[in-house]
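One chain, subunit A, appears in both complexes that follow, with subunit B as partner in the first and subunit C in the second.
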Partner chain A sequence: MNPISLPNAPIVKRKSRKLACRRYFNLLYVLPALALFGVFSLFPIVKTVQYSFTDANGINPNFHYVGLANYRSALTDSQWWQAVGNGGVFALLSLIFMNSIALLLSVAVNANIRGNQIYRVVFYIPPILSGIVVGYVWKWIYDPKGILNAFLQGIGLGGYTHAWIGSTDTALYAVAVSSMWQGVGGSFILFLAGLQGIPKEWYEAAEIDGANRLQKLRYITVPSLRSVYTMVNILTILGALGIFNQVYAMTMGGPGYTTEVPALRIYREAFTNSDFGMSSAFSIVFGVMLFILSLIQLKLSRNKE
Partner chain B sequence: MGKAGERLTKGAIHLLLLAWAVVSIFPLVWMLSTSLKEKNEIYTNKSLIPRNALNFGNYVEAWTAGGFSRYTWNSVLYSAVVVTGVVLVSTLAAYGISRLDMAGKKAIYLGMMATLMIPIPGAFISIYIVVSHLGLANTRIGYMLPMVATALPVSIFILKSFFDELSREIEEAAIIDGAASFRIYWSLLLPIARPAIATIVILNTLSVWNEFMLALVLFSETKLMPIQMGLSVFVGQYTTQYELLMAATSLMVLPVILVYIAMQKQFIAGITSGAIKG
Partner chain C sequence: MIERRKPGWLSLLVLALILAIAAGCASGQNESASQNNGGSPSPSDRTDSQKKTGEKIVFWHYLNDRHDLLVGMANDFKSQTGIEVDVQLFGGDGFKQKIIASAQTNSLPDLMTYFGGAGDLAKLIETKSVMELGGKMGDTFKKFPESVVKAYSYREGNPFNVKDYGTYAVPMDTNNMQFIYNKDLFAQAGITEPPQTWEQLLQAVDKLNAAGITPFATGIGSWVIGPMAAPYEFAYLGEEKLIRVKEGKEPLIGSGYENVLKIFEDLYKHKAFAEGIATMDLPKAEQMFVNGEVAMIFDGSWAIGVFNQMDPNFQHYDVFMPPKPADAAHEVKITGGIGVPLVVSQKTKHQDAVLKFVDYLVAKEQQQKYAEKSFNLPANMEAAKSEGEMSSALRNFSLGMQHVYESAGIYPSPNVDTAMQKGVQLIVIGQSTPDKVLKQMDEALQKALKEKK
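The block that comes next holds the complex of A and B.
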């Protein structure tokens, strides 16, 4: 094969034409990546956009263009907006509870306490499990004859036993609890990385200047953590809105549509209703919503700085 | 703050950490405990300790009658092939982009990274459409290729960042000796990139092992299904065989946790660099 080409290598000047060829020859290195990426990442996006304007059913190769009809029905579909709303509930609960717990834990582990290495390892166990496994394990915990109800009975709260994921009033929150249980570790590890990235000298300098705990928190920790915080929030929102596996394993969107989420609806529209047109329109609507949300988050954090 | 106050804070911190450690672990302990209980015991014995702690009958039944040996083999195969593919394709691309003069490389790189910024929640539907167009639905290769493709942007990002940090002097001697660029990649940079490659291997093995959505839409034949889908054989519409289900989930979770504990440094580095990405 050809020798490598560097701008400051001595061979460069003499063989400029050969060099121009090499610029193209070197594309061979990215060719496999580009081919795979093009066929399985880019082309599907194009297809989704195209299908969203059609009545494709996924089986019959012939389909008709229906203009904006799919988008019109998507935007006025109350069940879809309920699914988005459920995703919003997951996102909101996660932002408030999951990330607060994660932040608290990361500050605690960062306080140089004995055994903090062990805690760090343990807290990150739930995130390495699959959503399906987490879903089934929690479904078993929530079982009407499961451990949670047995525990409540055991401590004399037998009146509070409940069909946690089987009844409409608690199903959504029960799923939210299990998904937050899994998600705390992810936010925790990112917060911890952020905290460990703050130079110790800053705190030492502040101490010399007579700053107290609260002042150090306010003037060093919080501002330094801002970009990590934004990133964690974006990942939390995207993760909560995009939830699929756990809901699939635990409730399949039920009872009724109380735990329906957007990804499940997109799946069902294509594979239960054989309406790939609607399914694609929902994906596009949802993708645009998520993109706008992350842009807003980024903008807000920039403005604060 | 006084000494007593300091000790009180320390105590409170310990209590908090311990409490969450228990919360983190308990569902898994309960899973293991259920997996060792008898069928007629799981609804009556609410203690963590099974009547017979060495009852591995559920494991045997899940592994043989439940067909878990097949699903495990499938997942091992998928993980090995996908991860090998990702490592080869992404190291080549990252090397080219980072170290070589190449037409349009900036556009190529930015184009790939852009997909990391734009979330596509319905991607599995469109991948299904493309894969069945190619006649690859219900085939192993039709499942693995999209997984390699999806993994590329993050992997290339991690590797390119790694290569960018290396000094140019590393290759210069080899170039003067007239070594071809492919040889420099293969025998010089690939060995140096081992830590970054380890990160990619861990990140992708985990995601292939845990993959469910794509398998759900692509496979209708049970003999091709990966482990996450295999679980559904224990779940009926009205009754679920929890003792077998928990034995199966224990089987798939324990190796992951053991590898994680053994290699936690690389694990956490991999996951944080995968998440930070931009």
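The block that comes next holds the complex of A and C.
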């Protein structure tokens, strides 16, 4: 036993007890955040899982458990898979076109071109607009007598005028364009943040070594943005698959099931068909699919690193 | 030395906040409602009401075009009774969802205009969220046509399995859906009379096309397909068979339902539709009609008010019943009934006041004023009969009330209706056929019947 420690032992013990008490007491500060998380995030998830096994109609608190019937019905529903396929098309188009445009814009703005501060603001305006408003604006643009057809006629391409969202050939792509127009600003900001994190010295060193613009882009910019790509891609896939507002405002999934997307189907089951059980089952299936997709994307990017 | 901190006032604040939230979540139950004797506010009632200073009821509605009118009526009601009515407008498509969410959380307003069919209201009855009014307002219901009252009445054997029989909504106005045509454009195409038969309608379409006029538009992209198909469901199948087919007691394929879908194909083949019809909503079609871009629209009687709002000078139009096809064996019946149903919350603490206000809204004077200002058909028969200066279109809509069906039956799952709507959206652009759509509807019906078993 250390004789020096003897007279101090009770004091140390008391101090450590006080510290422990204070530590536990400090946990109370986290309680409001925990309560909010529990009420607004955890509880709805738990209830969604619960409802997915029931025939709940959204109003009556008395419902019956139906086992896996809703899941069986969801997984064998051809329209659901068509909606997922449409979501996949949105995701693919966004990954290819939207993110490429966003990357090019961010590289251009990061290159200190004149007015880059203004561009930064302008490119970020669409993401802060309401999706419904964007949907209605584009619906007006695509109208048979709208601005797009008027423009085509004005430049002598009257033969290409079209009922853009009223035709099965173009409706899906027309909605995708409006969605990408709104989403490009989000990817742009993330890419720009990633670009600004690359040390300038690397470019200076490359210049000394005689690297041209393309080489700098290929050997410095692109590899340095790998983690940003992963995040942008995950967000793009989740956003594109979860698209709702534009489809709701522009086509309601039509013509037929041409622009039907998972979120619209979930909404229709809940609020048109009053089948919250089925709607919850679709939500869970969809949530699991998105979770798996995100995991795969993360895993792939880690393997590359 | 360990620094001794001041007492944790912040912690106390956090605790107080948590307790406040907990207390808020556990708010007390509603008080039991008092009984009401119904009828209009009598002088003695007024005195009683005026004594209850500060009595206030909350009224939710979705009628963008009638908000000022309702606020004005609420103010008049307050000056007569002393009861304040807080008229709150929630326009747009989200009104139904708002009602559902409020019912889930027991926070429905005292009074609301209901948005949805009898099946939707049945769910609120099941949870005892809304009040049975037949027993409390018997005299009031005598003011309305019987068929209108029946729209939200649930009797033994009702298809919605409502066990608490009764009447749950008071009609503020009535409506029905028919074809509306532009007289000038018809004259321009050399059409002198509105079509009486389906064949005449197709001839009119051809004449309009020949004159370079787009014949027809409606909200094919939204909910209008069902009401537009309904007259032909009755015409081809007849009421009894239609109900049996929808319930799955008779097969859908071979029932004659394909003829119903063929009317949309006929219109497509005769190039009747405006461009972009497959995803067109009703407001867009209404705008085109008012602008003179299309000659006909399938719309409800409320459209008269909408047209007036869009262009008060646009008056040269009239109404005709959905024309019957020559090969249809039964009478055409149209969609209609209560335009705006008034529904009372079961949990209201101001039952007397709410029922007085409902009575006030459907009294003859208010109904006349309502019809005059909003261009909607009054539900009160006395008010409807006393309409002297009714336009031809409004009169034809009024006459249409005689042809409104009581029940068109319901499929065991709304997915069958969805299959039809989605299918028709493709038929009208030549991307599908009645046979294909009928098969898809049958698949949805068989699936629903299997799940029901």
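The criterion applied here is as follows: the second predicted complex is superposed on the first by the 287 of 305 C-alpha atoms of A that agree within 3 Å, B and C clash if a C-alpha of one lies under 4 Å from a C-alpha of the other, contacts with A are read in each partner's own complex, and residues count from 1 in each chain.
FYI, a residue touches a chain if its C-beta (ideal position, glycine included) is under 8 Å from a C-beta of that chain, and two chains touch if they have at least 3 such contacts.
The structure presented is a predicted model; accordingly, all values stated were derived computationally and were not measured.
*Asks:* When the two structures are laid over each other on subunit A, do subunit B and subunit C clash or fit?
*Replies:* clash
*Asks:* Tell me the contact category for A:Ile198 with respect to subunit B and subunit C: first, second, both or neither.
*Replies:* neither
*Asks:* Determine, for the superposed model, which of the two partners subunit B and subunit C contacts more residues of subunit A.
*Replies:* After superposition, B is the partner touching more of subunit A.
*Asks:* When the two structures are overlaid on chain A, which partner does A:Tyr257 contact: first (subunit B), second (subunit C), both, or neither?
*Replies:* So A:Tyr257 only meets subunit C here.
*Asks:* For A:Gly166, using the defined touch cut-off, is the partner it touches subunit B, subunit C, both, or neither? Pick first, second, both or neither.
*Replies:* second
*Asks:* Is A:Asn273 in contact with subunit B, with subunit C, with both, or with neither (first, second, both, neither)?
*Replies:* A:Asn273 sits against subunit C, while subunit B stays out of touch.
*Asks:* So, A:Phe37: does it touch subunit B (first), subunit C (second), both, or neither?
*Replies:* A:Phe37 sits against subunit B, while subunit C stays out of touch.
*Asks:* Go through the superposed model and pick first if A:Leu152 touches only subunit B, second if only subunit C, both, or neither.
*Replies:* neither
*Asks:* Is A:Gly58 contacted by the first partner subunit B, the second partner subunit C, both or neither?
*Replies:* Touch status of A:Gly58: both partners.
*Asks:* Between subunit B (first) and subunit C (second), which, if any, makes contact with A:Ala211: first, second, both or neither?
*Replies:* In the superposition, A:Ala211 touches no partner, neither subunit B nor subunit C.
*Asks:* Pick one for A:Leu93: touches subunit B only (first), subunit C only (second), both, or neither.
*Replies:* In the superposition, A:Leu93 contacts neither subunit B nor subunit C.
*Asks:* Residues on subunit A in contact with subunit B in one complex and with subunit C in the other?
*Replies:* Touching subunit B in the first complex and subunit C in the second, residues 28-29, 32, 58, 143, 271 of subunit A appear in both lists.
*Asks:* Which residues of subunit A touch subunit B in the complex?
*Replies:* Interface residues on subunit A, with respect to subunit B: 1-7, 9, 19, 22-24, 26-30, 32-34, 36-37, 39-45, 47-48, 51, 58, 101, 104-105, 108-109, 111, 113-116, 118-134, 136-141, 143, 145, 147, 150, 154, 181, 184-186, 189-190, 193, 231, 235, 238, 241-242, 244-245, 248-249, 262-263, 266-267, 270-271, 276, 279-280, 282-284, 286-287, 290-291, 294.
*Asks:* Any idea which subunit B residues touch subunit A in the complex?
*Replies:* Of all residues in subunit B, those touching subunit A are 10, 13-14, 16-17, 20-21, 23-25, 27-28, 30-31, 34, 43, 46, 88-90, 92-93, 95-97, 99-105, 108, 112, 115, 117-132, 134, 145-146, 148-150, 152-153, 156, 168, 171-172, 174-175, 178-185, 206, 209-213, 216-217, 228, 231, 235, 240, 242, 245-246, 249, 252-253, 256-257, 260-261, 264, 267-268, 271-272, 275-276.
*Asks:* Under the stated contact criterion, what part of subunit C meets subunit A in this complex?
*Replies:* The touching residues are 2, 8, 10-11, 14-15, 17-18, 21, 96-97, 100, 103-104, 120, 123-124, 126-127, 129, 221-222, 274-280, 284, 413-415, 418, 422-423, 425-426, 429, 431-432, 447, 451.
*Asks:* Where on subunit A does subunit C make contact in their complex?
*Replies:* 15, 18, 25, 28-29, 31-32, 35, 57-61, 69, 73, 143-144, 163, 165-168, 171, 250-257, 268, 271-274
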